[in-house]
Each structure stands twice: as C-alpha cells, then as structure tokens.
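You will see chain A twice below: alongside chain B first, and alongside chain C after that.
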Partner chain A sequence: MKITFLILLALQGCAFVHRHQIQNVDGDILGPGARRFEFLLSEMGVELAEGAKWVSVLSTNRNTGQAANSVAEAVALFQMGPRTGNPVYRLDFTDKLTQELSKICGGGRVSSLTFLRETNKYPVVSGEIVKVSGYCLAGTK
Partner chain B sequence: MKYLALLFLLSCAHSYHQAATDVSLNPGYKSGRTISAVGEQFVVLGFINNTDYVQEAYDDLAKQCEEGTVSPLTTRYYTSLSFLSWTNYIKLEGICVQ
Partner chain C sequence: MMKLLLSLALLAAASCTHLNSVSVTSIPKDRSQRVSAERYKFLFLLLNFNNDFASHMEKDLAEKCPNGKVEGIVTKTEMLTYFPLIAHAYNIRADGYCIKK
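Moving on to the complex of A and B:
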C-alpha cells in the first residue's frame, strides 16, 4: 500500500508559470531571414518543510513523526521571506545569461525576446527554470 | 554532523524571482566590457531597511559606463532567506560599449 502511494507521489508533477515578459515584436520575424532560438537555465529547488511533512505522514513511528514536524517548523523560521517556487542553493545558474544573449545572434538584431520564469514541481524537489526565447533577424537595421 | 548539514541547508537558501533583459544589440558589443552592480535590501520580520536599493544599483551601473551604451542589460531579482529575516537583491549586469 505504501509503495503504491509512493509511486503515485513520484509520478505527480505540475508546471507553474510565475512571470512572463515579452519585448518588442518585429514584423520581420515572419520573413525568411528570421531564426528562432531558445535556451533554458535551470537549478534544482528543494522544499525541506514539505519533505519533513511527508516523513511525518509516512512514518509509522510517532517520535519520528514529531521530530519531522519540528524540523518543518524550524525550516519555516530559518527560511523566512518572499518566495517564487522552491528555494535553491545556487544562484549562479543564470550568471551566463548576459554573455549568452550577447552571443546568440552574432551581434545582429534580436526580436520577440521572451522570458519565462517557471517551476516544474515534483514532491519535495522542483526545477526552477528561466526560459529564454526569441528570433534572430538578418541585418542590423 | 547531521545537524550541521541541516543548518547549512537552512541557511543558504535563496528564492529566485525574476530574470529580464533589455536587448538592443549593436554590432559593437564584441569590444565592450562586462559591468555589474548589486543593490540589497535587508528586511527583518517585514520591517524594511533600505527602499532605494534598486536606484542605487542603477546609479552604480550608470557610473561604470558614463561614456557608452549598456546593451544587453540583464536584471536579476532574488531573495536570500534567513532566520526571521531576509535580504532582497537586485543585480544588474550589462556590456558597456564605448
């Protein structure tokens, strides 16, 4: 029964969009010289309090359950602040964003640049994603 | 040891809110240099310390490229989560083309 429950838990996953931004759209993106690009920057997010709660729910030992609840409460105190998705432990996953963007069209024009900040949520962990897409246009008009 | 590991996990968490870029690339960017500025705002239990941190970061970046153009300009907004407090950061990074 527990194994079935764990499998069901592992299979569930949801995607959340937090923010979306699109810049100027040039009519030339429909022309033959336009080339679409897309890249993802991502990092694993971890929700420790959720993990502790699952331990508490799944535990048959009452002491373990109580300890897990205490951990969840400690996490709430030590990780206070506004959140978008789950907390991450590395921030450098977007460090190359500026360099990537400056290289992407070889110095040419960029149009319809789109930023999507989203979370792919699974039990306890998540993928914290910045997705960048747009069009490279021929010429430097 | 396991408590130290837990403390580490608790104390180094960040929430990544947003990344955005203004791109008006010009062919001269290859000769540019990368510049950056960071603004921060410390908050204790919702009491805010510095409300000008974005303007300060902007001014700092502008000073680093007084004679040129910054493009692309990337803005990153994130929060470092702490014990009963947190710090909001705004990080501006761009390529200064003279």
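Moving on to the complex of A and C:
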C-alpha cells in the first residue's frame, strides 16, 4: 500500500494551464530586427489538505493522521473561493512584471506579448507561474 | 449487467468541455480579414510535464498576416474531457483581425 503511494508520489509532477492571453501581434516580429524574449515570475504554492492526506496515509499512528486532517479542514475554511493553482504566501510576486518589461528591450519597443498562467504541480507544493513572452523591435518607437 | 451498462453510459456521457479563460484585445475598425491559430495537446491519464505546446502562437498569427498587424485577438483556453481520468486534452484558440499596413 505505502509502496504504491510512494510510486504515485514520484509520478505526480504535472503541468496545468489556467489562462493564456495574446496581445495584439505585429507582423514585424517576423523581420530580422525582432528579438524574442521570455521570462517567468513564480512563487511556491502549498496545498495543505494534500499534505494532511499524505501524513494520514504514511503515519503509523492513527491519531496523528486524524489530527492532520482536522488541521487541514480548518485551514481549508480560510482558503475557500475560486482560484487558480495553490495558495501562495507572497501576493506581490507578479508586481515586478511592468518593471521587467520596461528594462528588457532597452530603448526598443516591446511587442506581441503573451501571458501564460500555469501551475507545475508536485506533491504538496507547486510552482505558481506567470510566463511572459514577447518581442523587442529594434529601431521602432 | 444492467448496472454495468448504466455505469458505462454515465461515464461516456461525462465528456465535457471546461472553459478555463477568455481574453480579448481592442477590436479594430477594419474587420474584413480574420486570422486564427490553434494549439491542442492530448493528455493520457492527465499526465502533462510541460506547457510548451502553447508557445509561439503569436508567430502563427503573424505568419498569417505578414507586413500587417493582428488586432482584436480573442484567446480561449479550454480543457476537454473525453473520458474521466483516462483521456483529456487542452485546446487553446486565438482569433483576430489582420490589419494591413
């Protein structure tokens, strides 16, 4: 039973797409003056309910498992509502988005931006990611 | 036997589409030429180790509108369920209008 659970644990890495958004696209991105860029903004997400589940399955003491489940249920009350991915502890991890975009092309124009909101899921924790890509168009205002 | 048939029928009827997100950019006045790009990824047992299939969609749109600009882009992200747990897919579709310079 526990070996099966550990195998499932090892296989659990998965990527999820929540949202994909494409801004207006310039035909100039196909030209020689265009340079593609891509960067990630990410933060660690934690799924406490799943952690409690693992504790109750792997624990030899039944009371420990029950206590873990009780704590997870109490925490879940504070995390209700629509969401994408797992809860994170820092809300400001995407705040530097504009700053990053401003400096990435130097004096050139930033064009054809795409945003991908995704989750890379692992046991209990996850990577909550915003992937930004676009093009620097040299010599255009 | 009846229970098995009923269970299978219910499972088969569970096929459905989930809309994850929709976004749209400003709509141009000239809406005469539509262009679109689409990406699809089939997931067996929901196993998916990266989302690279969604990359470079803007290039697909630009190639359909050379020397122009694509505006009014509606991007839709969907999750398809063909059979619960066994067969799923992601579908991302972008439709816009080509504006010639």
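By definition in this document, the second predicted complex is superposed on the first by the 129 of 141 C-alpha atoms of A that agree within 3 Å, B and C clash if a C-alpha of one lies under 4 Å from a C-alpha of the other, contacts with A are read in each partner's own complex, and residues count from 1 in each chain.
Heads up, the rule we're going with is that a residue touches a chain if its C-beta (ideal position, glycine included) is under 8 Å from a C-beta of that chain, and two chains touch if they have at least 3 such contacts.
Computed from a predicted structure; not experimentally measured.
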Fit or clash - chain C, chain B, common chain A: fit
After the two structures are overlaid on chain A, angle v-u-w for chain B, chain A, chain C in degrees (C-alpha centres, nearest 10): 90
Touching partner for A:30 - first (chain B), second (chain C), both, neither: second
Which superposed partner A:77 touches (first chain B, second chain C, both, neither): first
Partner chain in contact with A:21 - chain B first, chain C second, else both or neither: both
Which partner, chain B or chain C, touches more chain A residues: B
First (chain B), second (chain C), both or neither touched by A:105: first
Chain B versus chain C as contact partner of A:88, first or second or both or neither: first
Chain B versus chain C as contact partner of A:97, first or second or both or neither: first
Shortest CA-CA distance between chain B and chain C [superposed frame, angstrom]: 9
Doubly contacted chain A residues - partners chain C and chain B: 18-19, 21, 23, 117
Chain A to chain B touching residues, read off their complex: 18-19, 21, 23, 41, 43, 46, 48, 71, 74-75, 77-85, 87-89, 91, 94, 97-99, 101-102, 105, 107-110, 113, 115, 117, 128, 130, 132, 134, 140
Contact set on chain B toward chain A in their complex: 6, 9-23, 25-30, 34, 43, 72, 74, 76, 78-86, 88, 93-95
Chain C residues touching chain A - in the complex, by the definition given at the top: 20-21, 23, 25-26, 46-51, 54-55, 57-59, 61-63, 65-71, 73, 75, 77, 79, 90, 92, 94, 96, 101
Chain A - residues contacting chain C, complex: 11, 13-27, 29-30, 112, 114, 116-118, 131, 133
